[in-house]
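Each of the next two complexes has subunit A plus one more chain, namely subunit B in the first and subunit C in the second.
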Partner chain A sequence: MQFWYGLAQLVGVHTILGLSAYVILQTGQVSMAQAGFLAIGAYVSGMLTAMSGWHIVPALLVGGVTAAVIATIVGFPALRVKGLMFVVATIAFGEAVRLFWFNFTFQVKQGAEMVGPIGGEGFKQIRYFPANGWTDLDRAIFILAVMAIVMAGVWWLDRSRAGAVLRAVGEDDLAAQSVGVNLTAIKVTAFAISGFIAGVGGALYSHYTTHIEHLNFGVVLATFAIAYPIVGGLHNVFGTLAAVIFIQGFLVEGLRFLGDWRNLLFGFLIVVAMNVSPRGFVSVYRELSTYWRRRVYGGAIFVIVLILAGEIMGGEIVAFVEGLLGDTGLEYNHMAWVAFLVVMAAWSWRGLASLTRMIPAGLRRLAAVFRQSLGYSAARRPRKVA
Partner chain B sequence: MLEIQALTKNFGGVVAVDTLDLTVEEGEIVALIGPNGSGKSTTVNLIAGIFPATSGKVTFKGRDVTDAPPHRTLECGIARTFQNIRLFNELSVWQNLWVAQNAPDTRKSQNFLKRWMSGSAAARRSVEEELAFANLADKRDELAGNLAFGEQRRLELARSLAAKPSLLLLDEPAAGMNLEEVKALDGRLRTLQERGITILLVEHVMGLVMGIADRIAVLNFGRKIAEGTPAEVQADKLVREAYLGTTDSSTSQAVP
Partner chain C sequence: MFGDVSLLDLLQAITDGLLFGATYAIIGTGFALIFGVMHKINLAYAATSIAGAYVSLAFASLIPLPAIVVFLIAALASGAVGYLIYLTCFRFIPSASPLATLMATVGMLILIDEVIVHETNGMPQPYPALFDNVMIEIGNYGLRGDLLFIFGLSIVATVALVLFLYRTRLGVATRAVAQQPVAAQLCGISVPRTNGMTFIMSGLLGGLAGAMTGAAVGTLSPLLTLPITIKGLIVTVIGGLGSIPGAIIAGLLVGMFENVALALRDVQERDLYVMLLLFLFLAVRPRGIFGKHSTRD
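Presenting the complex of A and B:
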């Protein structure tokens, strides 16, 4: 169970990071500064709880507000440029933040030991959770609850007029300006909101890892931050959550058995996901019929039940089945696979039937995507006229 | 209402608009015509504040709006449409109008949260009115990008009207329309005039311009070469040479 609690915490923090990028991506700006805001929130809140003895909730908020204030200050010059130049400017900012923490040393004496960040060695004593006796389950619930609040907030923003204005700016900033939108104000506000969300996420991050260092907040994390909402789709906050589960749960954790080959497959699968659903997971879900939507829900519930059953009473189940089998020569593993297949088949025999149609169709679709990406399309090639 | 004095715009070495003087009185429909590249759209963009003028002055209702950014000119009451339709394609028809709610009279007396969360009741009512006026009430939940061309034109006009402007800058609203649609647009513009909205119209469709405009200004190479009623402009020798064409060249009358 330990593993699943850890994964839940990871998913919570990364979803908050993804949602912070989601807000600024609505305005059409690709921000690589999210890892920097995460670092600010992480260090500031860590210092507050570890060095000043604050409670985690106010530390969380102050971490977020600090990141938001810095986002506002940086936003005014950075958002004067757009497109690629904005990407470059935000990468520079993210690296600047990282290097700031690399050089930042500030320690206080607490009892016998020195507490606080030491430049390149990082900040090692963020022990709020263990010191206050929070179990793994408590942490997972707390982090997921904060994630749910952030998600609800962004969802609400998305449906408000402000959300429509953000999207309008992202679609066509000139037209938005011409219908009365003050571009600078809107973009800087969106940047500040995204900074706040990332700061809160950073506060959770530092407390659940208990040890942070500048290397955690590099360009790779910034890339992940924008990958989540883009892979998930920019039309719904749940897409970001789905993408985090897909990337962190399946690609990063689930493929661990592949060793270092994982990284190769990781990139490949992201490209496939983008090609199959260029407008994000949510758009694919929307196109599904009710029948397949039920399969998606059902599949998710089935997997969760399987995991829970295995974790809670895995040993008992194995012993029970082995006892039934006796000395027939069969093992639990064989029976588990048979049972799995039988359940799958019984549960959706029509689903399996259409799977046989879907796989060739999917392969054809993929082949077409790759042909087009190579610039080759037999149907569209103009015929030579003599 | 709108006064343009010696307005000039240079793009590098090219003089797009050259010391243009133009006055638009309240309630008028003034048309701006001229060959392609004569500076009509540039003039509209200068008034709307898309880019700053090189020199000259634009005043609207006594206020200097020469270098005001677009959202500021809109607050003063100047709305515009674009030559090539610029809608928010991924937003629904209704949301397109919902965004355009920033004019002072819809903004005053509503609190901050209300304004950004749902828009005031008055603002939402004006959205419904403009949707009905544009004949798009039944398409309110469709994505703007999925509308037909004529509907997109109507939506863009409705969006600019949703901000309750007193002056409307229309940049070729009839481009790409068939005769019937032009006729409908003609009627719509006359209704707007009755509603008290002043219109500055840039257009190539002479059937529309000559019928509806109270005054016409003709531009050529950024300079105003003539101004007057439709009849006066049609009779002007310079205008015929530069733009409208002369009667003895049969091509200009060749439309069946």
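Presenting the complex of A and C:
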């Protein structure tokens, strides 16, 4: 069960990170600064709990507010530019934050040991959870609860008038400006909100890993942050959650048994996903018929039941399945993912039958696209008349 | 604050930085070329150039080759990878989804990096340099031969690019597509083909830059891609989006600035000052050195 609690914490933190990028993406700006805000929240709240002995909830909020304040300060010069310029400006900001922590050393003596971040070695003593006797389950519930609050907040923002203004700026900023929207105020506010959310996420992150260093907050994490909402789609917040579960749960954790090949597959799958569904998972889900939606729901519930059964039955089922698998290097949890795909496909004969129709149709479509790219007409040849 | 750095050391740092900045200038030019034509970012560009350098290294390890041939192989291989990136990340993704293109190039960046790690087991590889034992010395002041060669090569590459853009039919087509894709299409120019050619051209430049970086640093490592991507993007922004002369000047400027910061402070803080330089530009002159005022089409 430990694995699943750990995964739940990971998904919670990364969903918050993704939602922070989601807010600023609504205004049409790609921000690579989210890892920087995460770092600010992580270090500040870690210093508050480990060095000043604060409770985690105020530390969480102060971490978020600090990141929001810095986002506001940086937002004014950075949001003078947009598009690629903004991407580069935020990459530079994120790297500057990372390098700041790389050069930052501040320690206090607590009992026999020195506590605090040491430049390149990082910050090792964020032991709030173990020191206060929180179990893995407590942590998972706490992190998921914070995630739910953040998600509800962003969902509400989406539905409110403010969300409409954000999307208006994202669709066409000049048109929004001409109906009286103050672009700078809206963009900086969105940036500050996203900074706050990322700061809170960072606070959770540092307490969940207990050890942070500057290398955790590089460009790669910033890319992940924007990848979640883009892969999930900007229609609603649930897309981001689905993308986090897909990327962290399936691509990163689920494919661990592939070893070295996993990382290769990772980049490849992102490219494929973007070619197949440029507007994100949610748009694909919306195009599904009710029939296939039921399959997705049913498959997900089936997997959860399978996992819970494996965990609750005291390992007997797990031992049985892993005995069947032998020494292939596969584990019970991997089989849960495989089962998800199998269940989705083979729920009924009709499902299987439609799959056999879908694959050739997809191949034909792909071939048409390639023919078109080579300059031939995709139009069908006229049928022979007998 | 500046320690004991003499004027001569400072002059030395500035020259070395200017010479090494040539690689940044070339990378920035490649970014500017793609942005000028497609109005999109190719984040896999630096990975393309490093990939080309690795392919040339693979050839060099099979048969002994003179360094200049190795450089040419790097350029050609990068051109091929550049076209592959055009096909996978730009060709089939609708132009109305710029975010999907951006993500796809990130995916290619990760994929290329991981292929390199997979093939070399993550070990840095030594890269052959030209004239690395030549040193032009004037008293205590010296010019590194390999850096001078890199500088010369990048001048040749830039001149070749300008000749291509302004003296050939394909160059005219490229500029036409950059200016007005629809009008270019109406004149009978194939937009996908021209875009593909742009990616090949920028790939050739990138391969050269990758080989130059490898030669100047002495080793090739997949860890090089991210810093080069970031520096290249910074150079593009400081120079002005889509401006080739801007990218060249900004590349030399960033190289020089970085080396001076390295001489005055230490290596941990070097990149911090480059980021600050970018922020200074954003605050004072957001459109960069040669950028146009943003207009609405």
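We take it that the second predicted complex is superposed on the first by the 328 of 386 C-alpha atoms of A that agree within 3 Å, B and C clash if a C-alpha of one lies under 4 Å from a C-alpha of the other, contacts with A are read in each partner's own complex, and residues count from 1 in each chain.
Throughout what follows, a contact is a pair of C-beta atoms (placed from the backbone, for glycine too) under 8 Å apart; a residue touches a chain by one contact, two chains touch by 3 or more.
Because the structure is a prediction, the values reported are computed rather than measured.
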Next on the checklist: With both complexes overlaid on chain A, does A:Ile118 touch subunit B (first), subunit C (second), both or neither?
Outcome noted: neither
Checklist entry - Does the superposition put A:Gln177 against subunit B (first), subunit C (second), both, or neither? => result first
Checklist entry - Touching A:Ala168 in the superposition: subunit B (first), subunit C (second), both, neither? => result first
Next on the checklist: Contacts for A:Leu99 in the overlay, against subunit B (first) and subunit C (second): which applies, first, second, both or neither?
Outcome noted: second
Next on the checklist: A:Val252 in the overlay: touching subunit B, subunit C, both, or neither? Say first, second, both or neither.
Outcome noted: neither
Checklist entry - Who does A:Val219 touch here: subunit B (first), subunit C (second), both, or neither? => result second
Next on the checklist: Output check: A:Pro77 vs subunit B and subunit C. Expected answer is one of first, second, both, neither. What do you get?
Outcome noted: second
Checklist entry - Who touches more of subunit A, subunit B or subunit C? => result C
Checklist entry - Taking the superposition as given, does A:Ser160 touch the first partner, subunit B, the second, subunit C, both, or neither? => result first
Next on the checklist: Per the definitions at the top, what is the overlap between the subunit A residues touching subunit B and those touching subunit C?
Outcome noted: 174
Next on the checklist: Per the contact definition, I'd like the list of subunit A residues that touch subunit C in the complex.
Outcome noted: 25, 30, 77-78, 80-81, 84-85, 87-89, 91-93, 95-96, 99-100, 102-103, 119-120, 174, 218-220, 223, 226-227, 230-231, 260-261, 263-264, 266-271, 274-275, 278-279, 369, 373, 375
Checklist outcome for this item: Per the touch rule, the subunit A residues reaching subunit B in their complex are 160-162, 164-165, 167-168, 171-172, 174-183
Item to check | Parts of subunit C lying in touch with subunit A, wherever the complex brings them together | outcome: 35, 41, 88-89, 91-94, 97, 99-104, 106-115, 117-118, 190, 192, 226, 229-230, 233-234, 236-237, 241, 268-269, 271-272, 275-276, 278-279, 282-283, 286, 296
Checklist entry - Which of the residues in subunit B come into contact with subunit A in the complex? => result 48, 50, 69-71, 74-75, 79-80, 82, 86-91, 95-96, 98-103, 115-119, 159-160, 162-163
